[in-house]
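Listed after this line are the structures, all set down as structure tokens.
Each of the next two complexes has chain A plus one other chain: chain B in the first, chain C in the second.
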Partner chain A sequence: MKIWSSLLAVVALVLIAWLGTGVAGLYTVFGVGIPYLAFLIFALGFIYRILKWGRSPVPFCIPTTCGQEKSLPWIKHNKIENPSGTAGVVGRMILEILFFRSLFRNLKTEKRGDKLGFGSAKWLWLGGLAFHWSMLIILLRHLRFFLDPVPSLVRGLDGLDSFLQIGLPILYITDIIIVAALLYLLARRLFVPQVRYISLASDYFPLFLLLGIVTSGILMRYFLRVDVVSVKELALGLVTLRPTVPTDIGSIFFIHVFLVSSLFAYFPWSKLMHAGGIFLSPTRNMANNSRRVRHINPWNYPVDVHSYAEYEAEFKEKMKKAGVPVETE
Partner chain B sequence: MIYGGKKIFAGLFIFVVLLISPFLANIGKADAQPNPSLNTPAINALATKQCVGSQQFMRTYHMQLLNQWRDQALRHGEYTYVNSQGQKFTISLENTCLKCHSNEQQFCNTCHTYVGVTPYCWECHQKGATQ
Partner chain C sequence: MAKLPKQDELLQISYKPPKTPWMDLPVDFKPGTYCHGAKGKDLQAVGFPNARDWSPGEEDWKLPEEWKDTVLAGMADRLGKYRSFRLFMDVCVRCGACADKCHFYMGSGDPKNMPVLRAELMRSVYRRYFTKSGQLFGRLAGARDLTVDVLKEWWYYFYQCTECRRCSVFCPYGIDQAEITIMGRELLNLLGLNTEWISGPVANCYMKGNHVGLEPHTMVSNIEYLVDDIETLTGIHITPSFNRKGAEILFVVPSGDYYADPGMYTCMGYLMLFEELGLDYTWSTYAGEGGNFGFFTSNEMAKRLNAKIYAEAKRLGVKWILGGECGHMWRVLNQYMDTWNGPADFLEEPVSPITGTKFTNATSTKMVHIAEFTADLIHHNKIKLDPSRNDNLRVTFHDSCNPARGMGILEEPRYIIKNVCNNFFEMPEDTIREKTLCCGSGAGLNPGENMEVRLRGGFPRANAVKYVQEKHGVNMLANICAVDRVALPTLMDYWVPGVGVCGVHELVGNALVMKGEKKRETDMRGEPLPERSAEA
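Take a look at the complex of A and B:
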């Protein structure tokens, strides 16, 4: 049910874009209006979510560590696994964001006969890394539609990605990798019983949506071709705020753009916000310095205390009459 | 109340700048749409100015046609192409395509540069080698 409803939602999005442009001819709506709207929702939603997280206090110093804390000079300190200051935190964060370091430590627990076995499980790490890096490269490659002249960095990246020179238009290596990675991530949810049990519609929908985007993009580049010059005219019109409305681009382009717009609009309200959330994870962005620096809980309520000295001052006479020993005499 | 406000606002500033960088990079730039030139002696001498396919087809699919031509000529030894109108053409980049479109700078390169495409024709073909 969760799977089919997610798939149906993506199919519905495709149909909306196809009917909207191929049949109803609403090119301005799907080529200009919806992309601008999705961009605004993405930008404002992202900022809103970050500010909302920023308003949450961090009551405790809770970095997760798996290395030796900084202590005596003759005990070797693990600077990355147990950062003692900002430099260590930044280093650990960079490795986490670029290489998913904590996922690399992923373990699988299995019962073999009477024994419990723990083994390294790297496939999720590899699949995740392959998907995210391909996504980044594809995103940067798309800058060739939004910048004129095309920067040499983007051209260089394009050249590297099409290095194999297979077919024309030349096959991009990342196109293959991202499809393989997404299918792996989907298959993992579908076929590993434990993962399937905890998977929700909000896990399947982004996967299907990304697969839809990738598929429409690949179809458009290699099979149902569209005129790339018109596409760039539209894209440049959007970023120069002088939008032009082309009518000679095929529906496959508008399907691609509508799916991307849906992703942008959906992003801030979904689990995809881990892109911003990773920076605000207390277990990752704090230094393990609780033995040197006192962590003040910003939630601490100002408690009215009544110290013993005040107590004794108040009840001294009564205490003396009752024979209770007093300190101030 | 925003905790760690300085860091959060610095992060959001970087995010917004990255997000709108394509808009910023295009400020004050005129639309320079490519205008491939058909002004060559060979094209001017033609009675009907018609390529091997329609303009829309050529704009969209020329790279796939060229790839198909390469495979037909070099791998299968077929040197004749029949288009949708039934007209026959000799399969040759230099003697068919470039005979008319002899102005690479004003024709091929205008769009290729505009969309950031680097064709690798000249890794095998020699410029100006028309026979």
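Take a look at the complex of A and C:
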């Protein structure tokens, strides 16, 4: 149910784009209106979500420490895994965001007879990293459609990504990697029993959607060739806010654009917001220095305590008998 | 207490999830797997709502009529107060990296003990009442209504989490199940849904100054009893002081160390060390508890109990505070105390009177961990040690969850152990330091009635101990946590017979050569010293 409904939703999106452009010829709607709307939803939604998280304060200093604290000068302090200040936190966050440090620790717990064993389990880390980095490179590559002249950095990236020089048009390595990584991530969700057990429709849907985007993109580049000049014209028009609508690009392009638009519009309201959330995670972005620097809780309020005077009033005789000094006679 | 199941019965663990979706699996309140319900009088003592006697095994939990509104309002309030809570409700992608990191999952195979699912118990309700998608799509979006059964499920599984944070080490977004469990328990406490084993000590600590409910004269006589034992052992008579104004240092320990075997040997170690140093310190009967079961209840309750430490330090006019070996105590002291009850501007920045070392990492809280203090002494050669007195022991070290993952005190205790023992062996790398495995009894889960769950939760730790027992003949599991000292002996007897449990300062006390002491015949536990037994 969760799986089929997610897959059907993506198929429906493809059909909508195909019917909308190939049959109804609504090129302006699918080429201009929807992309603008989606981008607006994405940008505003993203900001809204970040602000919403940001509005909740961080009352306590709760980093998860994964190494030796800074204590005595002769004990080697782990500056990254247990940061004591901003520099360490920045280092920790860079490792976390760019290289998925925590996921790299992953272990597999196995029961061997009446014993437990722990084995290395780096596939999830590798699959996740492969997907996210390919995605980033592909996004940056797409800048060549939106910028004129194309910056040398983007051209360089393009060259690197296609250095294998296979086929015409030249094959991008990231196209292969992202498909493999997405299929791996989908496969483990389908076939690892625990992961399947915890998965929701909202875990399958983004995977199918991304696969749809990647597939339509690959089809368009390598098989159902579209007119790149027209594509660039449309893209540049969108960016410069002077949109023109070429009608001769072919439905596969509009399917691709519609799926991307769907992803953008869906992003802020979904688990994909982990992209923004990771920056705010208090167990990772705080320094373990709460004994040295007082952390302030903005809503700290006075509480009822059992005072020493109340305590002594109850136990004075017993204290005196035991030779414990008291305040009042 | 339910009859203890046999090992091979407990080890029938399958990690294969059931066919039934988890939302359709009701909780089975099977004796041995849950704690007794809180007693009305204990809740009343600290002014908690819905104070009444109740039993989790019974159908009727005697909930107030408006319970659902209370929980949802409480949730809304906390979502606005804790970024961790709101964020951790939203950003999980269910990658499953945490799934097999929880000791309760490893020991039970219960899918709801996967941290991700334990969190989903709460998230599903969050989605239903606090997100549009949950309101629109319901179950398809992973949302469900808050019902009495859901509430019972929360109670069962949030009191089957030791807040050990191991899952948080592996989560790519740092999602910490402890934060969610803490919130879950706060909400449950709005309805008087605590356990007897937590709310009893909370009431004791509030009224009497320590969890175990020792009144001042009893605490004094307990320490004096240990003083007598030290005199028998060493010939040296110690006269500790209580509630003494003008002492340089206030010393605070977890109350289990006053009387419980083997925690009391750790306490003897403290007493002997301070005597040997001539340390100007005092105990307090009012702030006689470093541990904080309030932390397993609500942040407010934890703050109310913790307040006594600074209040007492101020009243007595001490310069700084030294804290004993305890796990969650140090999570609280390191990450919460100063925020709750600081600033401690009436104290001085801590300096060791023996070595002159400034504890620059504690300049705001003014509270130093005894392992830091003792490691510094040893590093400066200030105490005479004879590690051969511990030669009958082959020691391994269990990193307690909170000091490891909520502080990072990893090397100090190891440094001390290596200086007071000749035989030290580490457990496998994936089971120590930040990846340490919980004793399975933390966060207030160490009564007797839930023994099956404790044994299951403790199995992964015991499994690693067994490894070093077989490989290196390890016979002693050292730690810096009072709950460990109470909980692990039972666990070792069951899973790894032949391995004892001790605090690090017990080993220090044994190895410490005191000025003017008589020739020791035995260690603190009355066991003949190794060279003696070799002669015999």
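The definition used in the following text is that the second predicted complex is superposed on the first by the 301 of 329 C-alpha atoms of A that agree within 3 Å, B and C clash if a C-alpha of one lies under 4 Å from a C-alpha of the other, contacts with A are read in each partner's own complex, and residues count from 1 in each chain.
Quick note on the criterion: contacts are C-beta pairs under 8 Å (C-beta built on N, C-alpha and C of every residue); 3 or more make two chains touch, one makes a residue touch a chain.
A quick note: this is a predicted structure, and the numbers were derived from the prediction, not measured.
A.B. asks: Would you mind checking whether chain B and chain C clash or fit side by side on chain A after the superposition?
C.D. replies: Because the two structures are overlaid on the shared chain, the partners are seen to fit without clashing.
A.B. asks: May I ask you to decide whether A:Asn82 touches chain B, chain C, both, or neither, giving the answer as first, second, both or neither?
C.D. replies: A:Asn82 contacts chain C only, not chain B.
A.B. asks: So, A:Arg55: does it touch chain B (first), chain C (second), both, or neither?
C.D. replies: both
A.B. asks: Name the contact category of A:Thr283: first (chain B only), second (chain C only), both, or neither.
C.D. replies: Only chain C is touched by A:Thr283; chain B is not.
A.B. asks: For A:Ile198, select first, second, both or neither according to whether it touches chain B, chain C, the two together, or no partner.
C.D. replies: The answer is second: A:Ile198 touches chain C but not chain B.
A.B. asks: Please indicate which partner A:Thr247 is in contact with in the superposed arrangement: first for chain B, second for chain C, both, or neither.
C.D. replies: It touches nothing on chain B or chain C.
A.B. asks: Where does A:Val303 make contact in the superposed view: on chain B (first), on chain C (second), on both, or on neither?
C.D. replies: The second partner, chain C, only.
A.B. asks: Just chain B (first), just chain C (second), both, or neither: which does A:Gly323 touch?
C.D. replies: second
A.B. asks: Among the partners chain B and chain C, which is in contact with a greater number of residues of chain A?
C.D. replies: So, of the two partners, C touches more residues of chain A.
A.B. asks: Report for A:Thr28: first if it touches chain B alone, second if chain C alone, otherwise both or neither.
C.D. replies: It touches nothing on chain B or chain C.
A.B. asks: Would you sort A:Lys271 into first (chain B), second (chain C), both or neither based on which partner it touches?
C.D. replies: Second partner only.
A.B. asks: Which value, in Å, gives the least CA distance between chain B and chain C in the superposed three-chain arrangement?
C.D. replies: Once the two complexes are overlaid, chain B and chain C approach no closer than 9 Å between C-alpha atoms.
A.B. asks: Can you list the residues of chain A that touch chain B in one structure and chain C in the other?
C.D. replies: Correct list for chain A: 54-58, 280.
A.B. asks: Going by the contact rule at the top, pick out the chain A residues touching chain C in the complex.
C.D. replies: So the residues of chain A touching chain C come out as 1-2, 5, 49, 52-62, 64-72, 74-76, 78, 81-82, 84, 96, 100, 102-103, 105-109, 111, 114-116, 118, 124, 128, 188, 192-203, 269, 271, 273-274, 277-278, 280-284, 288-297, 299-300, 303-308, 311-312, 314-315, 318-319, 321-325.
A.B. asks: Name, in rising order, each residue of chain B that touches chain A in their complex.
C.D. replies: Chain B residues touching chain A: 1-5, 8, 11-12, 15-16, 19, 22-23, 25-26, 29, 31-34, 56, 59-61, 63-64, 66-67, 111, 113-118, 120.
A.B. asks: Quick one: which bits of chain A touch chain B in the complex? Just the residue numbers, please.
C.D. replies: 42-43, 46-47, 50-51, 54-58, 143-150, 154-155, 158-159, 165, 167-169, 225-229, 232-233, 236-237, 239-242, 248, 276, 279-280, 298
A.B. asks: Along chain C, where are the residues that touch chain A in the complex?
C.D. replies: For this pair, the touching residues of chain C are 7-8, 11, 13, 15-17, 21-22, 47, 79-87, 90-97, 99-101, 106, 111, 114, 116-117, 120, 132-133, 137, 140-142, 165, 168-176, 179, 206-209, 215-217, 220-221, 242-245, 285-286, 299-300, 303-304, 307-308, 311-312, 315, 333-336, 338-340, 342-343, 357, 359-365, 367, 372, 375-376, 379, 404-412, 415, 428, 430-431, 433-435, 459-460, 463, 466-467.
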